[in-house]
């Protein structure tokens, strides 16, 4: 009961996702294993961008430079993979991502400039950095990286891309959330002052959360590379999509509430809506309208439910 | 597809809200409408990156289309999806820019040639001596890189020409105009401007600031083409870069589906240069211009020999099964 | 304290007082930073600072500052208006395409109505349905984009025209200064007055500071939010009209590039996204600062990557300095 | 800068904590200029001072939440630099701050884990403090303020502090819990530890403390043993002057008024706690409300203020039935509400003036130009009447807790009151101000206002009220005249042991 209530929003999102999956089958009866696989692949960069954003939103911040960091990581890995093995290249890329995030975090803590300004500025800095690394699309992906997200595992219809993402996110997030640091992240996001007084090293906690944001962004960049096979220096449309998914997923802007599961399911919902609209051959201009309406509608509906749930009966 | 009594064609495009791309989409719709064998058109048209285009192509494959006509965001990034499409028997045609996937057809505006042609005209106009402003598109995007190659090729042929300002407009009118104002404000003189399709606002910047006009090279956008005949003292040239190449792509896809594939998988649509410094050139421009057309739309709304729709049809912008 | 020399004490007093003055008027150090940047630009390109340059800088800062007003006002309540750029674009496009059909004045009025409608939807979502403003305005922005695309298909061949008054405002100069100031100065005075000397302005601060306390004082927040987002939509539409006159190219993405900078101008100017704190005067200076930085970078000869990165670094440095000056967090 | 006597005990050798000459300024506001304090083993030291004297600032400095500008702190004889609350905890200094320092979005056990607090020890203390059934998986944000204070204290106790610092912990606690807190604090001292205790209630100080260190305007002005009759001396030290003790309202209390009541509540019920409340409130009357924690008084006030919809019963204003859908409706009907938790009522980053003037602009009709002169005089009047210390008036959050509380009342003074709903208005207010507030309340009543006055300090009833209703278990169980309102009588009634006189 308490589990259901605590996770009502996430459970609702899961239900919505399956409803939408049903709708997809209705429109296109042949939608099956390959459809799920490509859905999971398409969701990959969005999911990592969203995870990255979610961590900093939970700590009470926001990171507008997520998409730019992804671009830096994608070109870094693409360039490195031409000269060295895939695994060291991946490790270096992850380190670069975490370092970029850490720089964002440290700047926020040290300069005391509001996080939105720092990361807005760093959006440009990282975007420029990506262009300096690779001034036009290029580089190459290690073949194993490209194959890692293709096909299904164990049973047909369980996309490998989904498993890869789930494993990575779980390996990072579950231990983090259980740790003291995770607790400190939630505490800082919920009430920075109270956290400080409860003995949390607020500055260090924030910096760490931004470093994790950078790490997830690095995975996002790697997944872009895995998808396209080349490094692209121009940031993709992941920033606002990530913010939208984070909010749709039940993380409160301002911090302290939510997790990663809800936002990632929200990513899948947004992706499958796009699939449905394409399959139904909806006019692309109308598609934009529908996407906007659904995004607003879902949040509105959630707020409505919340109001009813909270109001005195 | 024949079971449905006709072909369904999927379209994928990754830039929205720019006159050129809108014309391309309308040309695709209009051509699909006039092709008797096409009964359905699914258009995925939004602002996104290569990964997003992969998603769209995969969705088109899921939708069971017979052919995919795409304006690729990048020649190399889409291969996995394009190969999957071709493996499923789907015809793939890339328009505007090329793709490297084996077996895909390419009907491309020759971007390198586009830049080379305009730049060469400009440098010749300056007598091979002088300083030019070079206004590019978006850094790190394939089309911009191709055009840069063409520009540099022309530059190499004219050692007396120097680039005094190089800047990226982001293919945004307001930014281009503002940047031109900044250049004019420095007081450092220059003798010519090459712009990557952000053109009429550049003329405006000269006129509004009262600076003497210099030769300007732009694209065949309706607004700029009109300026070439109406702005006093403007010497310039428009290089064609027809958005209607999208319509041609549909026509090509239908031909291939009907078993009339061309010999080569690559067809380049070579650009043409219209300049207003000769009577002959002016006459071409007068014939081409269309003051009622959206100023961001290229005036070359059709490609003879490829597209079959009428002016009304492309402007109506309706595909099969609509309207 | 007796061991301090009286002279030194008066000096420190004066310093303290100066510090306090700067803290209470944070826009003054910001203006100082603006002039620092202008000085750097002059060093970079001697001779560039001229009335012509100043006129242009002001001219291009005006629409940015106007759009930043949308952000400042909404941020005061803890919101944001991400639809402002698109609304401006829609208004400009609608005005340009309707002018040949129904004449300039009705066309401009229609454009303003477009802004008001989007604002009304935003206000409904934020004020009544309690959707987070970021999501709400992002959503209406998407919806407006789609509607603009659909609309566009009906006016491809109707031609466009730009009302003379807008061209005059956008491109004309009077005594070397851009005519846009004829619109902007009254606008800025109105916004400053609204924020400072009206009950409505006070309620914006109150809602951002503590919505529950506002409720307790008898404020019906939905009314305020509704009015606020409609106002924001109207400002955005007005900006779009002015921008149309300036750029004279009714593009489908005309004012969209102003969106992110408008947020930047607001936050550089000392407005907090969490609400309760903000200054339009600061946003105006913020807009000018952004324009000067853009000019610096346009004129700098360096790879595009370095240029973009430097843009970010300068913004960061300016705000960090500013925060140090005013010690506001 | 006159030299002041150093009344602190000369020997600090056995001191657990000794702070000397601590100073701290916040910009222009000098919160502390020269504060000193010593705590020895087995001692409970009261830290006393008027609102804004710097007590909380001192506590924050001692526990590392703020860095001092000057001063020296020794812990168990060794010089110490306490850089953060975490460090303070490690050196045995554990505070309970004036504002709850728990994380609202975490449950109790996570809040404990955050500070490495032992859950078993915590449970023990929670039980000791009257919350044996406290659930560790309860969300902090769902818990009432009094419970939060207890959790804060139990958490502090669980880390076995050498010196426990309690900053106005009891201000938001009902009387029964105050007793427990005092007992626990005494026991700490008896175990050889030290306690620093801040409160504005002399009764508590007299019962608990051994010694009092008095702060005035950020400066230590004295250190006195707590003995019989020391109260007046302490007050004089705190305020620098003598003050009159307020006249007991009981002596001036008026007979039960006749005629049509301003507010008539019948069988009012509101989820979850309030089941059946009936009473009448007449113009010119101050009606006290007495209840232990969580008996439904919160719901009663919220319904009357338009914050909550009633589940049943009726409200009549001047004889006409009223339904409030929004606080604005209640305000329009003349009911103004001062909530118990001032954080709910204040615009933290806004000025004192704006905070007070907010109701002037609330209605859409008043969105236009501000009436600056009108506003200025009204605000100035309210500030004057409540003696609000406006040195840090630029932002209300910089005011001391007591002055913040006054601002919440001042708002309605400036606006003009017909019916005032005061929920524990003297929470955390110093003696002088309290003694200003009681006559103020009386004065407002005399001018024709009707006042409903909930207080958690039973001693206030005869000082401020004409009579009081007692709520127990969601229903009004007793009506006590001020003349009979002894603490004992009220306490019995509040525990549901009163005479079966029934509701008014």
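For clarity, chains are labelled A, B, C and D in written order, and residue numbers in each chain start from 1.
Note that a contact is a pair of C-beta atoms (placed from the backbone, for glycine too) under 8 Å apart; a residue touches a chain by one contact, two chains touch by 3 or more.
All of these numbers come straight from a predicted model, not from anything done at the bench.
Across C-D and A-D, it is C-D that has more C-beta pairs touching. For the pair subunit A and subunit D, the distance between C-alpha centroids works out to 45 Å. We define each chain's centre as the mean of its Cα atoms; on that basis subunit A and subunit C are separated by 30 Å. If each chain is reduced to the centroid of its CA atoms, subunit B and subunit C end up 34 Å from each other. Shared interface positions of subunit D, defined as residues touching 2 or more other chains, are absent.
Multi-chain contact residues of subunit A (touching two or more other chains): 130-131, 135, 233, 283-285, 287-288.
Annotation for subunit C: residues touching 2 or more other chains are 145, 149, 153, 304-305, 308.
Pairwise, the chains that make contact are A-B, A-C, A-D, B-C, C-D. Contact residues on subunit C toward subunit D in their complex (touch as defined above): 1-2, 16, 20, 23-24, 197-200, 202-203, 205-206, 209-210, 212-220, 223, 227, 276-277.
Listing the residues of subunit B that touch subunit C in their complex gives 16-19, 22, 26, 139, 165-168, 170, 172-175, 177-179, 181-188, 200-201, 204, 208-209, 223, 291-297, 315, 317. Chain contact summary for the complex, subunit D toward subunit C: residues 1, 27-28, 305, 307, 326-328, 331-332, 337, 339, 344-350, 354, 357-364, 366-370, 372, 394, 411.
Against subunit D, in their complex, subunit A makes its touches with residues 2, 180, 183-184, 186-187, 189-191, 193-201, 256-257, 312-313. Taken together, the subunit A residues at the contact with subunit B in this complex read 28, 30-31, 34-35, 38, 41-42, 45, 130-131, 134-137, 146, 150, 223-224, 227-230, 232-237, 271, 274-275, 278-279, 281, 283-285, 287-288.
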